[in-house]
Amino acid sequence: MAHTFPRRHLLTAAMAATGGAVLPATLSGPAQAQARKILVIASNQDIPSFDPHVASGYSSAALLRNVYDSLVRVEGNPVRVLPHLASSWTVSPDGMEYVFKLNPAAKFADGTPVDAAAVRYSFSRLLRLGKGNSWMVAGLIDDNSVTAVDATTVRIKLVKPFAAFLQVLPWQWIVNPKLVEANKGADDAQTYLRGTIAGSAAFRIKRAEPGNLYEFERVANHWRTGGGNLTGAIWRIVRETSSQRLALQRGEAHIAVDLTSEDMVALKDKPGVKLVIEPEFRTFSIKMNTEFGPLKDINLRKAISYAFNYQAMRDTAGFADLMVGPLPNGILGHDPKLAVYRTNLAKAKEYLAKSEAAKGGLKLSMVYVSGLEQERQFGLVLLDSLKQIGIELDIKAMVWPDIVASAKTPASTADFYPVYQTANYGDPDNIAYAAYHSSRNGGWQNPVYHSAKVDALIERGRAESNEAKRKAIYQEFQQVVVDDAPDIFGVLEKRRLALRSDVRGFVFTPVAANAIELFGLSLG
Amino acid sequence: MSGARWLNLRRGFYRFRRSWLSMVGLVIVAALVLVALVGPALVPHPEHVAGGINTTARFLTPSASAWFGTNELGQDVFSLTIAGSRVSLLAGISVVVLAAGFGTLVGAVAGYYGGWLDEALMRFTDLMLTLPSLILAMAVAAAMGPGLGNTVFAIALSWWPGFARLVRGEVMAKKADTFVIAARALGAGTPRILGRHILPNIASPIIIKMSLDMGFAILTVASLGFVGIGVKPPTPEWGSLLSTARGYLPDYWWTAIFPGSAIFLAVFGFNLLGDGLRDVLDPRARR
Amino acid sequence: MIVPVLLGLSLLVFAISHLLPGDPVALAAGPQATKTEIAALAHELGTDQPLPVQYWSYLTGLLSGDWGQSVLTRRPVLADLRIYLPATLELVVAAMALAIVIGIPAGLLSAVFVDRWPDYLSRILSLGAISMPRFFLGLLLQLGFAMQLGWLPLNGRYPIIEDPPPFVTGFLSLDALLAGDPDAVWLALTHLALPAIAMSLSPLATITRMMRSATIEVLQQDYVLTERALGLSRWLIIFKYVAKNAMSSSLTVIGLYVGWLLGGSVLVETVFDWPGIGLYATKAIVTQDFMPVMGVTLAIGVVFVLVNLVIDLLYGVLNPKVRLG
Amino acid sequence: MALLEIDNLHLAMRSFDGEAQVLNGISLSVDKGQVWGLVGETGCGKSVTGLSVARLLASPPARYFGGAIRFDGQDLMQADEAAMRRLRGRRIGMIFQDPTTNLNPVFRIGEQMVDVALHAGATDPAILGLPQGAPRRARLAAARQLAIRMLDRVGIPKAVDRVDDYPHQFSGGMRQRVLIAMALIGKPDLLIADEPTTALDVSVQAQILQLLYDLVGEEGLAVLLITHNLGVVAQICSHVAVMYAGNIVESGDVRSVFKQPGHPYTRALLAAVPTVQSVRGALQDLPGAVPDLIHPPPGCRFAPRCALATPACAQALPAPVPVGPLHSVSCLAVGAAA
């Protein structure tokens, strides 16, 4: 049999490399990969743009937070704000002025120091473009807010008070002005930065194959000390969640970020796998078109809110809690005892009788993001619920850009419009402002709903720095919104992550937890 | 001539009956048609077919109470699969009929008039044939939005050239036949000659192609469903059922195996039958 | 031949993409774009020009190697095709190789044993294979060989943590061979196996059927009787003298199938996450990114025409009359 | 012992409409050096007889249900395919009607001939002039040389150059010469030639016949020449057997049969030949048509068309009656006369 050895050897290598469970990995193993310490993250989302002031969404956040740096960063549960580019900061008593002391060691990839001018330049570009994460600071700062006191001192003066300002800063990336200016072109370097990195972070892009994978590699002799032992990482696009799960199970991936509850159940007792199932500030609601069509009628909205089968929604969502009102459970000011709609067909019919729809024969429309299985299931739960009160539902899958485009006017917005809102910062303002403030009308987060009363409450909550007073404001906000019934308040899905047990240094943070931060992670 | 034709037909049916493969095909297709006609009314959970859910009974394994198990929403997979037969059959027939209708029109006009018109129409037809049909259908269906009608239209759009070429050839062959020349001499108009004299005489190759195409039309509809460009929920279309179920492999295999097998069985039945019919109606093409 | 076909194809593809509903410019501009930004982009992309002007610039672009820009991947379509087309071609070539290597002998044997059990078996199997949805077969193969048995990788072209061999041809297995790395060749082949099998089934069945009917016809030829009468062995007659005659009719099928498989690669690529033009086109289609769709369609057209040129040459090899006459 | 003996051979063939009694007990004996002509109308069973000798009829649909074929003492009805292959191309050569379809169009003629020569050489290495177990390379070279020699022998000019040509590069007559060369490459004892000249032009026919005649003389072959053309028989055959509907109705040496035809059918056949060149088709002088072999008439199959028929003719198949030293006739009328 000796002559068959080379073949066997090949087979062994293949099995080990593909994570085959047939042979013990110790036989040969991907020794090279071991030495290289490359972490593989399986995700179903492509990364549409690298521009730190244009891109948004979790996959972009996952890329940007590893190749760009921000003034501060967040970590842990509850969320703590930690130094990053800024090694320390002070806040004025009225909460209007922040002074950041930059880490003098911080350098961009080309060796240029990350100085106050670069911070100022980055905020100015963010505001100029008005895209990406700019909404987080929109109206809070203007072009004169950020000033460079000296090379390593930045002062940010808010235009309006905002209690959670530090919480939004981790998502505002600092670019290298030298590179951006050199490649400015006619579009403020958007073309350039769409595919090029001009950051200061510990990782850089080694390989980008859109639709397939993005490979990071660690920058040698980086200014940041400490961290894990990773030499690189791969953001691998694996569309099917079951494929993600199997990749993880077989060791082909170290972290899977889009698993379904079914996947988590299947992985439960698998060796070598660690599961993270944690509550997160990510809401899922079905918005109703309060401006155009039958759902302008508040009685119909209430009827539907009572008819909806909340239990079925929770069942299909797996690891999830039902929302109590518009704000995520556990966030500052959230009222767990708020009286919200729960399935009650008698009440549903009572409200239905008061509406135009009592005549029957009503057919409503719903759109959802094609391919988002959870949204499709919620759509069917809604269809089933509406049938109980004699309303038909037309469910249509659309690609995300089309849905966003349809949100531009009330008339083009569907009757029902499901949306996930991920909190980028752990403050009620995030969801309240993004999802219910009228300034967001025409955008995907809040296409149509507007109420002067709600707007006023949100603005007051934003400006108030006294925590007790804020709580009171948000309590009132929740009550008003629930009375208006603009949404079917849905579920808070727990964050579901699965990791190989050899991934060390992972700290769960309930904001954008699927945008994995590589710096602190180690393998083996 | 008609005697010889009758004999051919009789021998053909003799062969058809003798060929048990064709008979199996006939049985499958007959069963499929029957199921499509009455099945949706007889399934254990018609409410699930209409989109009803039962989240307390999610992912039940196949058993006596739910033969094919239940899916992620607690819907009875057996009911959905049975009801899917109507969707697939209807879509398949629509595709083939639309394609045959348009293809026959183009082919007949090109073949009958000849000349530059023929040249132009056939160049166009050939170009359409070089286009990758699935990608074309996907692009059109995606641009038109989901829905069975749009899917059918998109597929038919890439399907007609085959019919056009077939009909053109047959019409050109028949154009020179004496009975056509006689009809023309008697002053019959073009539509009349085409409709009354030529088309009835070339019906059998068209029917053969339609029957041979049925299976692939069903397959293509399911393919579009599978890539996620197809019907709207809750329409129980086999391809989209399979596409959803794919995410639950391997643990909840029954949600995938049954709709997938249904596609296979339907296509297989039509292919067996189509093969048999070709033997009957077109003895030249035997083997 | 190739020039008018491509000219027509480009016109057709251009026409279809402009007849379809949807506003690719607005999509390209992104959800947050304003009206003026969209107008500016339209101007920049030239979509505010009259259609003939647009076609002319598209056509001249094609000829000068500018196949447009993909919104999705933010790269020139031609650069994307350089990556994705070889991936699909590798799959198609592997599938066709399987189909030919198995289908031709299977068809020959089926014809030799006509109306006996090997023939029935091969006929049922091939009709079954034609009827099998490739995506379902792919899922079943994954279920069996990747998920349950764990013998072969589930999807992808190469282990994601490994560096693929340097890009030369774009055929990973070939590149691995060129790099002289047997382990890499093995890895590439193990990833290729399941999708290639899933893709090969339908051409395999068709080649078997074509080969069977061609062989039955050839077996009735006088020269086969002469060859038998002069004592040549049955297998020599079948695998040498009959096969070469019967093969030329299968060649047509092979040519047609290469085009068909290229266009139909979508399904197998979706199942196996195979980064080829099918997946590329699918993503472009759902995001209504039309330049890649047009590019893919044209590329398939070019390959199709080229393959059929090669097939015409092969006809000459198989049939001396064509070559010499 | 004769080289080839066919003894009371019965053959039925299955078809869509039923089973046809194709050979109804034929007997024939061919010796070395004899050239037998087997004549009869289309469908009388003459070609089937030739194919039966080489056991080339597929079964089913063919079914032998009586009789024997002995070649050089070996019972071919009992021989398996391997044994038959040792005979074919080596001891029994065959040529067929249409030279345009009997050569494989996609192979060079040399290649086809080499394979036949190799096959013959495998049975008898002497044919290639090589000892047993010679290397394949040597056998290939010898086979090629043999092929060229044979082509030269049958009158292909510049055989060395033409051996690598394809069939379509030859004219019809030349192709038939190639086929003859191929049939004779294994130095057979028996040559079965099925209508070897029918498809050729008249002028070419004569050349091919001359070639065959010369070769027979040189090689001392036994020949079974199947033809419907009595002129051809007259030209090169030493013996003739006349077939009608699956029976041999008359056989004997050519001179005797042609001069004193005994059977009414033979007489009709000879009467219908105005010249050397016969016209294929019905015999005008005879009433009626060739019988349906699925439901053959009882007794003498020619009886329904025979002017001399009596009720006794329908009772049983008449046995051959010798009318000369080598000449016999199967007819009651003749038997009664004798």
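All chains are identified by letter, namely A, B, C and D, in their written order; residue positions are counted from 1 within each chain.
Here, a contact is a pair of C-beta atoms (placed from the backbone, for glycine too) under 8 Å apart; a residue touches a chain by one contact, two chains touch by 3 or more.
Note that the structure is predicted; figures quoted are calculated from it, not measured.
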Per Cα centroids, the chain farthest from subunit B: D
Centre-most chain, if every chain is reduced to its averaged C-alpha atoms: C
Rounded Å distance between subunit B and subunit D, as computed from the means of their C-alpha atoms: 54
Centre distance in Å when subunit C and subunit D are each reduced to the mean of their C-alpha atoms: 53
Centroid spacing, where centroids are CA-atom means, of subunit A and subunit D in whole angstrom: 90
Separation of mean Cα positions, subunit C and subunit B [Å, integer]: 23
Residues of subunit D touching at least two other chains: none
Sites on subunit B at which at least two other chains make contact: 228, 246, 249-250
Interface hub residues of subunit C, defined as touching at least two other chains: 147, 286, 288
Pairs of chains satisfying the touch condition: A-B, A-C, B-C, C-D
Complex contact set, residues of subunit C against subunit D: 221-234, 236, 240-241, 244-245, 248, 318-321, 324-325
Contacting residues of subunit C [partner subunit A, same complex]: 23, 26-27, 30-32, 72-75, 83, 146-147, 150-155, 159-162, 182-183, 186-187, 190, 273, 275, 279-280, 283, 286-288
Residues of subunit A defined as touching subunit B within the complex: 240-242, 260, 262, 266, 309, 311-312, 315-316, 370-371, 373, 376-377, 379-381, 383-384, 387, 393-398
Residues of subunit D that touch subunit C when the two form their complex: 54, 56, 81, 85-90, 93-98, 101-107, 112, 115-116, 119-120, 166, 168-169, 179, 182-183, 186, 192
Residues of subunit B defined as touching subunit A within the complex: 50-53, 55-56, 58-59, 72-74, 145-146, 228, 232-234, 244, 246-252
